[in-house]
Amino acid sequence: MEQQQPILQGKNLVKRYGRVVALDHCDFELYPGEILAVIGDNGAGKSTLIKAVSGAVTPDDGEVLLEGKRVNFHSPLHAREHGIETVYQQLAMSPALSIADNMFMGREIRKEGFMGKYLRMLDRPAMEKFARQKLNDLGLMTIQNINQAVETLSGGQRQGVAVARAAAFGSKVIILDEPTAALGVKESRKVLELIQDVKSRGIPIVLISHNMPHVFELADRIHVHRLGKRLCVIRPQDYTMNDAVAFMTGAKEAPDELVAA
Amino acid sequence: MSESASKGQDYESSLSGASQSVAQFEDTRKGLVHKIQHALHVTPSLVPLIVLLLSIVVFGVLLGSKFFSPFALTLILQQVQIVGILAAAQSLVILTAGIDLSVGAIMVLSSVVMGQFTFRYGIPAPISIVCGLACGTLCGFLNGWLVAKIKLPPFIVTLGMWQIVLATNFLYSANETIRAQDIEANAPLLQAFGWKFSVGGAVFTIGVVFMVLLILILTYVLRQTAWGRHVYAIGDDKEAAELSGVQTDRVLISVYMLSGLICAFAGWAIIGRIGSVSPTSGQLGNIESITAVVIGGISLFGGRGSILGSLFGALIVGVFTLGLRLLGADAQWTYLLIGVLIIGAVAVDQWIRKVSV
Amino acid sequence: GGHGMTSACLITKTDTNPFFVKMKEGATAKAEELGIELKTFAGKIDGDHETQVQAIETCIADGASGILITASDTSSIVSSVEQAKEAGLLVIALDTPLSPADAAHATFATDNFVAGELIGKWAAGKLGDAAADAKIAMLDLAVSQPTVGVLRDQGFLSGFGIELNDPNVNGDEEDPRIVGNDVTAGNEEGGRTAMENLLAVDPMINVVYTINEPAAAGAYEALKAIGRENDVMIVSVDGGCPGVQNVADGVIGATSQQYPLKMASLGIEAIAAYAKDGTIPEPTEGKDFYDTGVALVTGEPVDGVESISVEEGTDLCWG
Amino acid sequence: MSESASKGQDYESSLSGASQSVAQFEDTRKGLVHKIQHALHVTPSLVPLIVLLLSIVVFGVLLGSKFFSPFALTLILQQVQIVGILAAAQSLVILTAGIDLSVGAIMVLSSVVMGQFTFRYGIPAPISIVCGLACGTLCGFLNGWLVAKIKLPPFIVTLGMWQIVLATNFLYSANETIRAQDIEANAPLLQAFGWKFSVGGAVFTIGVVFMVLLILILTYVLRQTAWGRHVYAIGDDKEAAELSGVQTDRVLISVYMLSGLICAFAGWAIIGRIGSVSPTSGQLGNIESITAVVIGGISLFGGRGSILGSLFGALIVGVFTLGLRLLGADAQWTYLLIGVLIIGAVAVDQWIRKVSV
Amino acid sequence: MEQQQPILQGKNLVKRYGRVVALDHCDFELYPGEILAVIGDNGAGKSTLIKAVSGAVTPDDGEVLLEGKRVNFHSPLHAREHGIETVYQQLAMSPALSIADNMFMGREIRKEGFMGKYLRMLDRPAMEKFARQKLNDLGLMTIQNINQAVETLSGGQRQGVAVARAAAFGSKVIILDEPTAALGVKESRKVLELIQDVKSRGIPIVLISHNMPHVFELADRIHVHRLGKRLCVIRPQDYTMNDAVAFMTGAKEAPDELVAA
């Protein structure tokens, strides 16, 4: 797989927040069709990494390549237009707006004909129908009304809406930052099933998680992040959870040959 | 292969039988009051509408035909037209969780530009009017640029802009008023918003029609277009909107520009209303427009409320002012009671929200 | 001031009211003529006396020879005027006497009460017997009732022959001929709204007192809107050029003209004289201030009320 | 016993060897600029202080001894004393993420109460002063109660209160000014804040000393007492403060009461400053105090900034006003430049925060 | 144990949010010295339950008893004064204040003598020392400076501060609402150790968690929450995780005899 060209790649990424160096010359590769898990301690810089490759923060240094071509995302919208869909750790929903509004934020569907073309009227029935269908596909939604404001949902339900949005629209890459952190057992399982479903459609996924069993269950490769950089990349077949935890917490040195991988 | 990387964790096997039904909570509370409260909660602009209708009824009963006549009621419309138009501009900005303290100043500068361009430089009135509108839009652009790009708080930006625009206005106009008679003779188009027509005993001006149409159009735009949804999203949580793909800077700048343009229209409207072009107009524009917006139920924290509410808010103040005057309250008492009204209206609003969530 | 040049300060209530703009023009012209350095100051809004106090202090710090001031609050600035006098400055009150009047070295003023009285008398005279059942609208300045607004309002009423209760308060009269008081902020917008409000109270109003000519112009628009512009009498105070033009056009029936340019240029002359040899100007005989005069401008003179024609008024407007 | 309820999950066994060291990031940026930026970030009130000193130096160079004399410099102190005291009150409220539009009105009502109680009812001056202070505190209490208990937005509450208090002031005082001469003769204590003493060429008044002491005391209280920490916590996140054990309602009410009390002191101070008791004073108190607070670097969103900054903010405006006037700029140009200053000061502040986080 | 008097008890608690009944006549008991886990789906009402017993929300109906005596907490502070310390799901920190300030919020230590008594000056050195010590005890803190603002900490570090605060001050009951949701593997483990440490001091703990292995590892009893009420209480010895998940998701009926428990 490493011989292929990575679909999304970060090279030598650096991001400083004041005195903190959240990304310290970090590399990152995602190959077509794979599920890449990113694991690491709290504050290791995982969220910053995926923000840097998805346009939510501009790295101070380094470059991002999409299908081998250098890209310079200046906003999440820009990355999205290139087919990269991200669920951020802090979710990014507008609490007062409805579920359907949130799902289509920034890519609204307009009515056909005069109303849509000249009066730029939204096609609400179409958007609602689509949103309801996506939530049903996900199956985990105990949502009664698609026009309900997002703020009336529980944390788990919001998580579900965000994941459904990414899965519905991501065409090249889907990035999920701790998608199951706030979820119950049942809801987590649904999200994991969804991830496998998306993968079976051929879309590669980046999954950040602190849940080792989940990571080992799903991932094709595991990017171990430590102190702002990639420590190593391992395959779940080759190492145990114990090893992974040991690498990421610094209990064990990473094997030399993997550091370069 | 790790021993745990089997399909699912063992304790999850029972999930297949889990209930898939929606959690249904019974609403055990019954009765009219709760139904009303719920309706009010769902349609926030209903609250000011009800306050408005109630106050019309109360003053109508107290004052009879003196108040409850087409003449008096349309007079209120005419009196609130300027505040109503400014409140529309203000609402847009407040919906994005901003505030615009420069609305009054932009209005008066625009009207001075329209007047002075026509009379000082002899430019034809239609062109001067376009220049005035452009001037308002430019001021709005500056506000928006500073807010969106330099990331300054809107309160500060528009506070500074208020002083700058107002001082520019006085310096540029040299405090000269252009008299109504001169305008009527040489450039009647400047007074277009003052042209009247009557339907029964009711007298309407172009300005009133403009105000109502403006609010209706903005209501449509905010509810039914993507741009409108983005305005709400930005007010709700700017960062979230940005992350979920809204071009926040662009939308913010467009909001402030539109607000400036609407203020410039208010500048045109005020020429119609007072006949002349006076650089001392509109000094209370800020506080009055904010009051209308707030009574109309738009949250100062952004993202919540309907622009229709602002129109109702402006009308409520208008009804109270005229009603109290007709009841014989003098200016100082009216002023005091409007203060009580502001607090009262928002308290009622809060109560309704609290009880009905 | 610097370089041995005499310097003077002009402090007006606001610098947005055309009346004070004229005053500034007069002072500037005179100062240039006499080679005096002039600095001008103004309150931010009518009634803003704190900024005026600051201005006086600034003038003292600046080493000016004298101050011309139209006080926003006739007693609140007295303490700082005293300070200026102690510092050796000549202080001349323009337009409005201070309270007490002798707080300033001299006062070059029109009597605002008299200005009001003149239009009151004219209105009463014009109406003749109908004055007994006139319906009067009083368009005042602001809810804070600044001195000038009270003096003109009360002057008008006393000239019209209405009993004043407290001459320091507007709106406490009980005469049924008064339909009501409203505030205008002294501009067109306020004038129109206030007029509309009072017309709603009683549509048969036939006499309108206005605090100044912009308010009068606004009131006229309101009357025009209901087609009553020709049968209602509007009187006002100030006598600015646009105001006199409005008298000519029949918008305003009569206005009391004041002479801000004259006040200001006299003031500058007095400061120049004081800087030269310490002369302190004398008041007009029989009064405790130097009266720059007030004249009633009207196209329709009334017996027993002295007035000048519109042409004369135009020549003199704010001269 | 469930099979998994063993000690720890199997993959955690390696944790014992995990590194316990603190994540140390190197700060690779060097140099003076970064050091300065960092210092500024850590001590936010340094920014306005530097702006203040710079502007004094600039005007000193431009104007020489006319400006750079003990007399002129202490004059600025006297000129800003009222705004400075009001800004202290305003800062407290803004630190809780509120805003107080009624500071000017409360000040003037309190001063009118002091004056009228003494002269209308013949109450001894000290008692009248206490009544005036109580009156201010009461107004503050009403604000605080409405904000904390009825949960109305501070902007609305104080907007309404502003109108109510101001109208009450006009109605109660009957627009009568109490003349300085009368006060001096009969109740000189009312003018106590105006008593002067000089040190060298510098002239100080009790009012100036009061302002400086007040700010210093409040700085101490906000930094060094539990109440002060609670004020910041409420401004930061009211709900979090409530959950972590702050009695938010009580603290909020006390903040507004204290703010009212300080405004009442400002009312006493203004009698000292202008000599007389005038019901038309202080109409610009709101906007000027907010401007000072904002230039002083306190965030309008609450919880951040130092009250010392507000004093510097007030002084900056004072220095600019006096300096520009002495340079011969006329009033409108001064306003225009102050407008630019407001935006500029906050932009600099923003820049410093952005670069140095 | 059930024969003992519960230390903290809720009877028939009801809380409505508009049309949602978040607590529907719910009972709750915590016995001295035990670790009680509360599990349930997202939105089942777990957080609302613990808010109701800790004074953060006032229940619409029902009563709360502390050591058998009816109490009426009108604020979290009030509950805290009775020795109930809670870590809420949304953490409750003031981001701009320091770690020490946050730990002592509402129970600041004043200086001795004149400065403290009359000038009410805070004893910062004492507070800082105490805070540093507590964080060290917890051992999971990668915190360099105790005067650092909380907003500069990562999500996991904040979680740690909140738990340390509760553990340091709770004298009767400690309630933890999903204390490990945002934490990494290493950090989670430290929190679990801390919980056992607190228990060994004899202080009973309520633990809400979606992590079944954690729950089964620690809990003495498990309160299964479903649709706003207590479905049943089980002992980890008697049931498998599988059973617990089945009960809480509605896949299996709860055994009748436990419903009454």
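All chains are identified by letter, namely A, B, C, D and E, in their written order; residue positions are counted from 1 within each chain.
As a working rule, a contact is a pair of C-beta atoms (placed from the backbone, for glycine too) under 8 Å apart; a residue touches a chain by one contact, two chains touch by 3 or more.
Quantities reported herein were computed from a predicted structural model and do not represent experimental measurements.
Using the contact threshold fixed earlier, the set of chains in contact with both chain D and chain E is A, B. In terms of the distance between Cα centroids, chain D is separated most widely from A.
The chain pair with more C-beta contacts between its two chains, of C-D and B-E, is C-D. Centroid to centroid, with C-alpha atoms defining each point, chain A and chain B lie 39 Å apart.
Once the centre of each chain is set as its mean CA position, chain A and chain E turn out to be 31 Å apart.
In this assembly, the C-alpha centroid of chain B lies 37 Å from the C-alpha centroid of chain C.
The distance from the centre of chain C to the centre of chain E, with each centre set as the mean of the Cα atoms, comes to 72 Å. Multi-chain contact residues of chain B, defined as those touching 2 or more other chains: 3-4, 9-12, 15, 18, 21, 23, 170, 332, 335.
Residue numbers of chain E whose C-beta contacts span two or more other chains: 20, 41, 43, 142, 185-186, 212, 240-241, 245, 249.
In chain C, the residues touching two or more other chains are 15, 45, 143. Taken pair by pair, the chains that touch are A-B, A-D, A-E, B-C, B-D, B-E, C-D, D-E. By the touch criterion stated above, chain C contacts chain B in their complex at residues 15-18, 21, 45, 140, 143, 171, 180-183, 185-189, 191-193, 196-198, 200-201, 214, 217-218, 220-221, 224-225, 242, 245-246, 249, 251. Residues 56, 75-77, 80, 86, 88, 90-97, 101-102, 105-108, 110, 119-122, 139, 142-144, 185-186, 189, 192, 212-213, 216-217, 236-237, 239-241 of chain A touch chain B in their complex. Residues 1-9, 11-12, 15, 18, 20-24, 220, 224-227, 229-230, 232-233, 236-237, 239-247, 303-304 of chain B are the ones that touch chain A when the two sit in their complex. Every residue of chain B that touches chain C in the complex is listed here, in rising order: 66-67, 71-72, 75, 78-79, 82, 170, 174-177, 179-181, 194, 196, 203, 270, 273-276, 278-284, 321-322, 325-326, 328, 330-332, 335. Residues 20, 40-43, 89, 142, 152-157, 178, 181-188, 210, 212, 245, 248-249 of chain E touch chain A in their complex.
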